[in-house]
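Next come two complexes, and both contain chain A; in the first it sits with chain B, in the second with chain C.
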Partner chain A sequence: MGSAHSVPAEMRELADRTGFTSEQIEHLHRRFKQLSQDQLTIRKENFDSIPDLEFNPIRGKIVHAFFDKRNLRQESDGLADEINFEDFLTIMSYFRPIEMNMDEEQLDRFRKEKLKFLFHMYDSDHDGKITLQEYRNVVEELLSGNPHLEKESARSIADGAMMEAASICVGQMGPDQVYEGITFEDFLKMWQGIDIETKMHVRFLNVDTIAHCY
Partner chain B sequence: MEESREGHGLTEDKILSIWMILFVALVLLPSIFRVSLGISHFYMKIVIKMLEWATLQIEEGVKKQKAMALENLISTGIIQRDKTPMEKEVVGQCRGCFSLADVMYFSKKGCEAVAEDEVTRRFSSEELLSWNLLSRTNANLHHVSWKLAAVWVIGILIRYCLLLPFRILLLMLATTIVGQFPNGRVKGWLSNQVQMICATLGIRCLSGLVHFHNRENKPQEGGICVANHTSPLDVLILASDGCYSLVGQVHGGLMGLIQKFCMQTSQHVLFERSEMKDRHLVRKKIREHIADKAKLPILIFPEGTCINNTSVMMFKKGSFEVGGTIHPVAIKYDPRFGDAFWNSTKHSMMTYAFNVLTSWAIVCNVWYLPPMVKEVLTLLYVLKVLEEEDAVHFADRVKAVIAARAGMSVLPWDGGLKRKKVKESFKEEQQKKYCQIVIENGSVGNGNVC
Partner chain C sequence: MALPAALGQRSSESHKNSNQSFAIVSFKWDHVKEPYIIALWILVASLAKIVFHLSHRVTRVVPESALLIVLGLFLGGIVWAADHLASFSLTPTVFFFYLLPPIVLDAGYFMPNRLFFGNLGSILLYAVIGTVWNAATTGLSLYGVYLTGIMGELHSGLLDFLLFGSLIAAVDPVAVLAVFEEVHVNEVLFIIVFGESLLNDAVTVVLYNVFDSFVAIGATNVTGIECLKGIVSFFVVSLGGTLVGIFFAFLLSLVSRFTKHVRIIEPGFVFIISYLSYLTAEMLSLSAILAITFCGICCQKYVKANISEQSSTTVKYTMKMLASGAETIIFMFLGISAVDPNIWTWNTAFILLTLVFISVYRVIGVIIQTWILNRYRTVQLEIIDQVVMSYGGLRGAVAFALVALLEEDKVKDRNLFVSTTIIVVFFTVIFQGLTIKPLVQWLKVKKTEHREPKLNEKLHGRAFDHILSAIEDISGQIGHHYLRDKWSNFDRKYLRKILMRRSAQKSRDQILNVFHELNLKDAISYVAEGERRGSLAFIRSPSTDNMVNVDFSTPLPSTVENSVSYLLREKAGPVCLDMQALEQRRKSIRDTEDTLAHHTLQQYLYKPRQEHKHLYSRHEIMHSEDDKQDKEIFHRTMRKRLESFKSTKLGINHSKKLNKIHKRDRGQKRRNSSVIPNGNIPSENPVQNFALKEKDLEFSESEENNDYETLHLGKGVDFLANVTKQNFTDAPAGIDNPVFSADDDQSIYMKFSPWLSSEDTVVPSQRARVQLPYSPDNFRRLTPIRLSNKSTDSFLLADGPEDRPRSFLPESTHM
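Now for the complex of A and B:
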């Protein structure tokens, strides 16, 4: 039979970095193998095999987020062609719930990371700003399924939202001023009232170590 | 020297004849008269005792709560899905306006779907709570105790060196002897009997133990028999208790050979899944078949593909549109003795046959359920119009009955998702729903942001 149940060094390092327990990592590893069909990396096409994901209107942006190098904590920019298990875990860790033992500084960092993830989802051309066109794109994707809705309506919603954002971030603008786009700092300001930590998380179940052959 | 050779020859003959006599007495004759000698039952009891002992070994030293937590994890999966409906989550402070936070809801749902989904889980073998000493059901081998390891090794020796050759030998003997029967040309009752005997024999050879319940509801001529599908063994099991005409997908390889063999004895309908016109042809043939009351009942598996026996997936409405009486049958395998699920994308027929031949046993329960017909919703005498239940609704009804009887969950998803992708029209449903929340009665243009 296999060796005794000792946690390998890489697993511990992964657990520390991403915050998952080793059981959760094992389960996610099995899921990863299922999605990648036993390969070492996942490509965009592998996400096509998830029926539940097909229902999601912003499916494209979510899959994109998995391959976005900015989310993978690499210094470079652009899109990766394929991701390995470590990258997969890194993206999943953005959706971890808050823990009881987090202090103020950790909570703040946590919140910033989640907001950065969302920011990258809006900012599709990677220039660090959410422009009006990008905002319109997101709204259209969310609402595009409705045949009764004309493009104009989606546009007007986005425009109105953008103006509101401008007024929060910049205050009163002169008649000639043009609002470039929402930067990350402005983005943070907009979310101040909203409780993102409790809304943007997936409840991963926790099981203690068991010496089970399951 | 010659004497010793003759002596050897004699002993070999003796061994062979003893084998033949044993085979005829213990396997063939009971199969013909469908009598059980109790040997399989005894064997099953031994296997159960051994598995219980193995489980105790494993649980020694592990607290009960942890075992229950593991049970929860395996049955529900790795995440606890957030069940709050879209309306509650998205609306927040105000209705009829778009909020930046709405993206959060959808990204969360997306991550949940990536972490786990109900459908793809059904297309891989069921995970067991406690190990049944077959290494194929254990993803990670952990060392637990020397005693257990020793039992596992003995188990391997028994299964591969004793059971496997024994079963192959039985199968070879069975096919040669049955081949001597007058078949093909002798029709009617005798041919049916031969079919059932072959099936029973096949099951006995695999150490299969089948419990039939409610035999009084067995399908009659001119009806359609409908069952949940887990493996090709389903056919063998049902055929051992009655004669059916089969409807199925054309296969190649070993499965194709078996199909060709079956086609000789009675009329079966075979088709190619991807051919559109084949489907219409099949429907026409089924209609003709049940119209003829003298013909055997048709056996159909409406799921269309093998599912792993933990849930029942969508029943395709084709067989329910034809009309006639539907006789539902529920089949549930006991996973402790061996995994009967055929993962056709992963294993070929040969690998699957090998796995079945080296399992402990195939144990299953078959329930014959009372016949069902489409309900009559309204009856307008004046116009002589009969409004019947919708085929899809009827299919769902039958599916629920089968799942309830076998203790499996019901999934609305299509088994075809094993091979195909989701239809476009389903994707747009969520978007439409979200639209309605944000737009509100089509009055647009205010574009408020919360």
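Now for the complex of A and C:
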């Protein structure tokens, strides 16, 4: 499907589905081919060739997200071994900036989609809940960039954050009640009032920028 | 420099009066006149500020800057009426050398860097193109109108008008700050207007200098080369100023790394070095405002990390005080300066047209530039934002100081320019300042929400940064996030190693900071609550109805971690303080006994040492005395404790007995029974004081016990009990988590002041160990971090706090 994009109709369809302009799609396709070494699909190993990604502390999680079927198609679960260009575009489209002409409903959906992406990244065992253990892993990875920070402090930060989440989402709990993990609804609740749109977008340029890769 | 002169004066005086008798008291007004008047003015301005804020209704409507200008007018009127002499005015020297730097430094040092650099492109466009546009259009239009003859006869040419246009064009940082700080528009809008007002200084300075020299050499001698020189000088002035600022920021950060032993003058470096950056730039005729702004912006991160907490507070408050003081004086003197008939030349057409032109061209400029910008910005600037931006283009003291610098013989219409500038400044500050608040409300401009820092938010924010930079990497684009990512890598790899103390490098992480902040806040609120209650006994009171339970019992590999998680679970209790619940508890505690015990404690707790605190030292603040005392208490406690472990008869007895009691207690807990009998108190307790204390403890303990039982955290309590038991019987092998027990015991003994008793140590009740009323580690967020494996040895903890990140110090223990 990826190579067939040159057919205008297909292109238009892709553009419609992902919201990119045809120029952007073209650029992304060029990048895709560069990454996949002219194959039709990308595998995880292909991401190793991006030098800048190496220093990203949550690199693993991000690359993982590209192959997470929950992000790719609705109603499916598990991990893909390889993704084609359309999938690649789908993932990229999570990071599109909001457009001026969006109405409230669209904005809301847009926002939810973006958050869902993040949620899936945290929820590594696909059970619809970010458990403490998962949260700890994420925080540990996030803070792994700082060599002076010990694992324990990362963990306690995660614990603190979890308690905070619990107090935000549930508020007062009975003594026997136990907060098991952050569900997506809770996750949304935590994000209330923060305009994520300004935080989770990349400006996809129409011009070619240097794309180095080896 | 006034001193030698004064001395000389005095000596000559004494010479003259040598034949007269020695005057016991003499009145020397001239001797102190100048500083005295300055001090008086500052006092008046400050007092006026107090008066303004007596009535909230006034300050809510009228901005302070406007009030100060009016006050200045009033005072100037009085002075004028008194001696018909306008002896006070805002001179450019005073303004540029003493009043402006603190304000700009404050702005730079507390600049939200991320926001600033995130919007740097827009800010630069508005600052550079916008200012040039304003200057050119205003000057040209005025000249055009002048040619029609409406203004009557003036002695100015095109260049004079352009000169005037360039000095009136710039949006003023002082005025913008003063007005916008009260309006609270959203941060993007604020940073754009404010950033523009800061960065346009370079443009203003260059335009002003260029036209000033053009006027001096005469219109006929201006060639293309001169114009080219002007453009080149713009880049030199702006980039040069910025580089000077960055250089001094580097220097300042480096110096602050080595101030460990001169803590007391640490804050001074911040001011002196940044001031030097300002003066240096001024000396090199570069943009001084840019220099000091960038000095503040660049050094803040490293300086804040390097200097001690106290110094940081000092810097913060001193800077705010200086800036606010300077601002007050500026506005008041703007008012006073206006009362001087010598400078007034009225020309209705010129003044009115200036007002019209600066407003209209500001609006047009903003609209055009925003239209361009919005094609590239991801967060669009909407119509409402543009209105506020145009309306927020306030002119202020910079324009006034610049116009006052003009020389009469060069610029013939200087007085007209001065009067017009004053009118423009007054109009923008008073009229626009007055109306901008209602306008913002009426337009429903997005305002800043003041929110508490949230750990989750910070974490997710961090995650986003990484995700976005990764996406940019993957999609092969060099964008904003890409650059920021590269910069932060560079910063981490090189800059921090050079500019930050090693200890600061460790603890410096934004997320950790928020964590620390929240911990502190928690701790403070707990202690404050305790003080309000007159006792800290309540602290360990997880009232059942405000519980937040997180399941921390996820299977973890090692036992230590297990115990940590249990501890957490046990401590997860008091997430928030429910005042009502506390109040209920309070009723059940006998207040009198409580206070009595408190009193006794206070009496015996090392009071005699306190007199050391009154020693005076210029070089050191004696706050360390407390620490020393605490440390000593701690050591004594530990020694005592170790002694008691050595099988003194009593100790063994106790431990056995307590073990028994302890078992019983556990049983009781399980059975959910409530009050524990006072049997815990050793019967051989001879001192009444202690009995009292014990009782007090018992009361609070039994109270807490209730809660614990309802909590029904069987395992957690079990664990705790085990630890304490094992610890008490001194069985090192069994200590799961020595940190915890050590901490516990430390505070127990501190409470019981064991050095007071003789051999027969009063052993605190078992439950006191399990449920410590006075212990910092039940602060929700403090808990986990202090439980890290690394902090196992609490002796070390007390001895070498320098080795550990500040945030983990149990500061709250030493009250």
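Methods note: the second predicted complex is superposed on the first by the 194 of 214 C-alpha atoms of A that agree within 3 Å, B and C clash if a C-alpha of one lies under 4 Å from a C-alpha of the other, contacts with A are read in each partner's own complex, and residues count from 1 in each chain.
Just so we're on the same page, a contact is a pair of C-beta atoms (placed from the backbone, for glycine too) under 8 Å apart; a residue touches a chain by one contact, two chains touch by 3 or more.
What you see is a predicted model, and the numbers here were worked out from it, not measured in a lab.
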> Can A:T131 be said to touch chain B (first), chain C (second), both, or neither?
Replying inline: second
>> Contacts for A:L118 in the overlay, against chain B (first) and chain C (second): which applies, first, second, both or neither?
In response: both
> Touching A:S49, do we find chain B (first), chain C (second), both, or neither?
Replying inline: first
> Of the partners chain B and chain C, which touch A:Q192 in the superposed model: first, second, both, neither?
Replying inline: neither
>> With both complexes superposed on chain A, which partner does A:Q34 reach: first (chain B), second (chain C), both or neither?
In response: both
> chain A residues touched by both chain B and chain C?
Replying inline: 28, 31, 34-35, 47, 50, 52-53, 55-59, 62, 92, 95, 118, 121, 138-139, 142-143, 145-146, 148-149, 153, 156-157, 159-161, 164-165, 190-191, 194, 199-205, 210-213
> Taking the complex as given, what residues does chain A use to touch chain B?
Replying inline: 1-5, 24, 26-28, 30-31, 34-35, 47-59, 61-62, 65-66, 92, 95, 117-118, 121-122, 138-139, 142-146, 148-149, 153, 156-161, 164-165, 190-191, 194, 196, 199-205, 207-208, 210-214
> Quick one: in the complex, what on chain B touches chain A?
Replying inline: 58, 61-62, 66-67, 69-70, 72-74, 76-82, 89, 98, 100-120, 124, 127-131, 138-144, 149, 152, 413, 417, 421-422, 426-432, 434-436, 438-439, 442, 444-449
> Residues of chain C touching chain A in their complex?
Replying inline: 378-380, 449, 451, 454-457, 459-464, 466-482, 485-486, 489, 492, 505-507, 509, 511-512, 515, 518, 544-552, 554, 568, 572, 575-576, 710-712, 780-781, 783-785, 787-790
>> Taking the touch rule as given, give the residues of chain A at its contact with chain C in the complex, in rising order.
In response: 28, 31, 34-35, 47, 50, 52-53, 55-59, 62, 92, 95, 97, 100, 118, 121, 131-133, 138-139, 142-143, 145-146, 148-150, 152-153, 155-157, 159-168, 170-180, 190-191, 193-194, 198-205, 209-213
